[in-house]
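Presented sequentially are two complexes of subunit A, the first with subunit B as partner and the second with subunit C.
Showing the complex of A and B:
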């Protein structure tokens, strides 16, 4: 029920068109990059998907994560503006259910975002590298990895948005977190587990072991942040 | 009501917004890696830049490319949201003050916040440089005149960008689009400063200003030339155009 309710709420916020627009913008990055400097990439001896991701993923994931933060802020801003959250609290729906409904909405649009980008990367691979051998398997492996590593930042940005009544505070914290993520050195595994730094990781840059560790960390952080939110909401309820 | 007292009113509204706290937090994160990795500044012989100049430039480059523009987008959100709660904007529009004047007062406050962001960064730079000097036994501190000259150039070059962000905040009524477009416009500035049309993209100006300064200080790097002729007229035109559009859009929806 919560999920349907949340879908209904975002209808007139421009949430879905914003993600579509963001997806097309991010999808345009590899296409434009190849259009202007394809000679830089076509000579490299690697799989087309890895070449394309190495060349473009930093920028694409930056757009993704900023969009996720804005999305999370909007999802909670519609509750805090005009005190809608108080009406939600009066309903026989727990606040945790509201949070997970919103998480489901944001995760769904993240899938949409990644799907648009996957089509773009796949299209570039086929068009400029003229090979689609093993393309689908590789794409699926890469983008499922991206999705798993994106979930902690989805939950973390919703967590901050749910705690801050004022949108600029949660947006500001999100910006500071993304900035901190960009400052983290790429070689440091422990620091790169910071939820907002994880979406920048690429499968091809890591060994099998490191990829497994990232997968475990992604799942653990997702569960951990969800649990943290449940605890915080329960405690906050006691004091209100 | 004079323009200055109007700016004062707008300023007072944002005093308790805690935005400055976030700015301070951001600059702490900005300078911490620089302090921890201060020894890397000694290995810049191939670029031909002195360690103290490198320490300063690297920090402010990191700030100019993402942190500063993104923080300014957040300030525009703050200015908008604070008026939307309890229909504050309706009360403001009911005052015997022109809409354009009100709009410009808010823009002046935005510029003031950008100055505050720079001042906080400079303050944190001096603290960071002092700590790094102590750890590395090398004087990283640069004279204030030089620092303020550099910061001044960056700040002035950021005004067209602020005008664009302000226009977005005023004219794009749906917050998700206004913020989304603002953020999305920051990301490609890294690519655009290396093209011939950088002067047509206001979001790249502060970053371009600091990168071209880096080119000047690093004797072995070819400096990106700052050609004032296409830049200044374009920047001026963009600023004026954005301000005219935002002044004419301001309060339209509410006063209908």
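Showing the complex of A and C:
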């Protein structure tokens, strides 16, 4: 029920247009890159998906994380702007349920975002590399990996947004985190576990063991941040 | 029979006691006026009833349900309106009530009924952020009234309304126990306001209950203490003033 309720709350906020617009913008990155300098990539001896992802994923993932941060800010701004959160607190619904409803909404639009980008990458692979052998399997493996590594940033953004009544503070924190993430060396496993740095990872850049470790880390961070939010909400109640 | 009862309910913030050892008894099916000057602890008490603020001590029972164990059950029984109205500005009045309706699991018609009760039906499709102050207040009231809960907790519900609106909402509150078989716990800092609505009153000052009972009992109490009884406003002011003086001039 929380998911349906949260979907209803985002009406007229520009939330969905932002994600559709952002998705198309991110999807345009590989297409434009190939349109203007395809000769740089078509000669590389690797799978088309890997080539395209290596060439474009940094930019795409940065757009994705920024959208996730903006989305999280919108989702909590509607609660704080006209004090609707107080109304929710006086109803038989827990704040945790509100948080996880919002998490489900943001995760769902993240899937939508990745789906638009997958269509773009797939389209570029077929058009410029004229090959779709094993394309669908490889795309599925890559994009499910991206989704898993994106979930910690989804939860971390929502956690920040839930703590700040002023949307500009959570937005500022999010933007600082993204820029910090871009400065983290991708090859350093420990540093790359920073929730906002994880979505920059590409399957093709890592060994099977490293990929497994990233998957475990992604799942653990997701669960850890969710647990942290539950604890914070309980502590916050004690001081109200 | 009392539908709300508190036992030594207390809320402190550091050294400051916002509510101190409060023992309230709200009879079922009545309009109970909760009076006190600004900062007396009325809103804090109401927030504690809704679990928005954690009591520092004591406990309370609402409709036979004990806090904090039955908090969710209490919230299902209570319609509330606390301080300023709280709403989703990006949604229409109707959509705001729809969210509350779905959380409470009420029939679809209940949102329309609540809008009708507060006179917002013609404006139901308008965005809540574009409502006037009075309309926001009415939307908050509709949110409290939706589903006809057995207990209504209303914190200064006529704030921001024009004289016509005040009269309408006052008449509505007065009629609620008879119409919907509910109990209304309503706060105000204006005795003249409460006098026209309430069956019994509780007077709070600096977090302490100075008086609880019917309006007749209040008049009798005032006579016995030598307070002016010509009008209730003066009586109320004299009572608060005497308490302040007793506390050493604290206001």
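Please note the rule applied: the second predicted complex is superposed on the first by the 240 of 240 C-alpha atoms of A that agree within 3 Å, B and C clash if a C-alpha of one lies under 4 Å from a C-alpha of the other, contacts with A are read in each partner's own complex, and residues count from 1 in each chain.
Going forward, a residue touches a chain if its C-beta (ideal position, glycine included) is under 8 Å from a C-beta of that chain, and two chains touch if they have at least 3 such contacts.
Please read all numbers here as calculations on a predicted model, not as lab measurements.
In the superposed model, A:21 lies in contact with subunit B only, and not with subunit C.
In the superposition on chain A, A:159 makes contact with neither subunit B nor subunit C.
In the superposition on chain A, A:225 makes contact with neither subunit B nor subunit C. With both complexes superposed, B is the one of subunit B and subunit C in contact with more subunit A residues. Contacts of A:167 after superposition: subunit B is touched, whereas subunit C is not reached.
In the superposition on chain A, A:106 makes contact with neither subunit B nor subunit C. In the superposition on chain A, A:13 makes contact with both subunit B and subunit C. Look at A:179: by the touch rule set out above, it reaches subunit B but stays clear of subunit C. When the shared chain is aligned, no partner comes close enough to touch A:148: not subunit B, not subunit C. In the overlay built on the shared chain, the residue A:67 is in contact with subunit B alone; subunit C does not reach it. Shared contact residues of subunit A with subunit B and subunit C: 13, 81.
Across the complex, subunit B is touched by residues 13-15, 17-18, 21-22, 25, 59, 62-63, 66-67, 70-71, 73-74, 77, 81, 166-169, 171-173, 175-176, 178-180, 182-183, 185 of subunit A. The touching residues of subunit A, when paired with subunit C in their complex, are 1, 4-5, 8-9, 11-13, 78, 81-87, 89-93, 237-238, 240.
Against subunit A, the residues of subunit C that register as touching in their complex are 50-54, 72-73, 75-76, 78, 80, 82, 84-91, 95, 98-100, 102-104, 127-129, 143. Interface residues of subunit B, counted against subunit A in their complex, comprise 17-19, 22, 25-26, 29-30, 33, 62, 66-67, 70-71, 73-75, 77-78, 81, 84-85, 174-177, 179-180, 183-184, 187-188.
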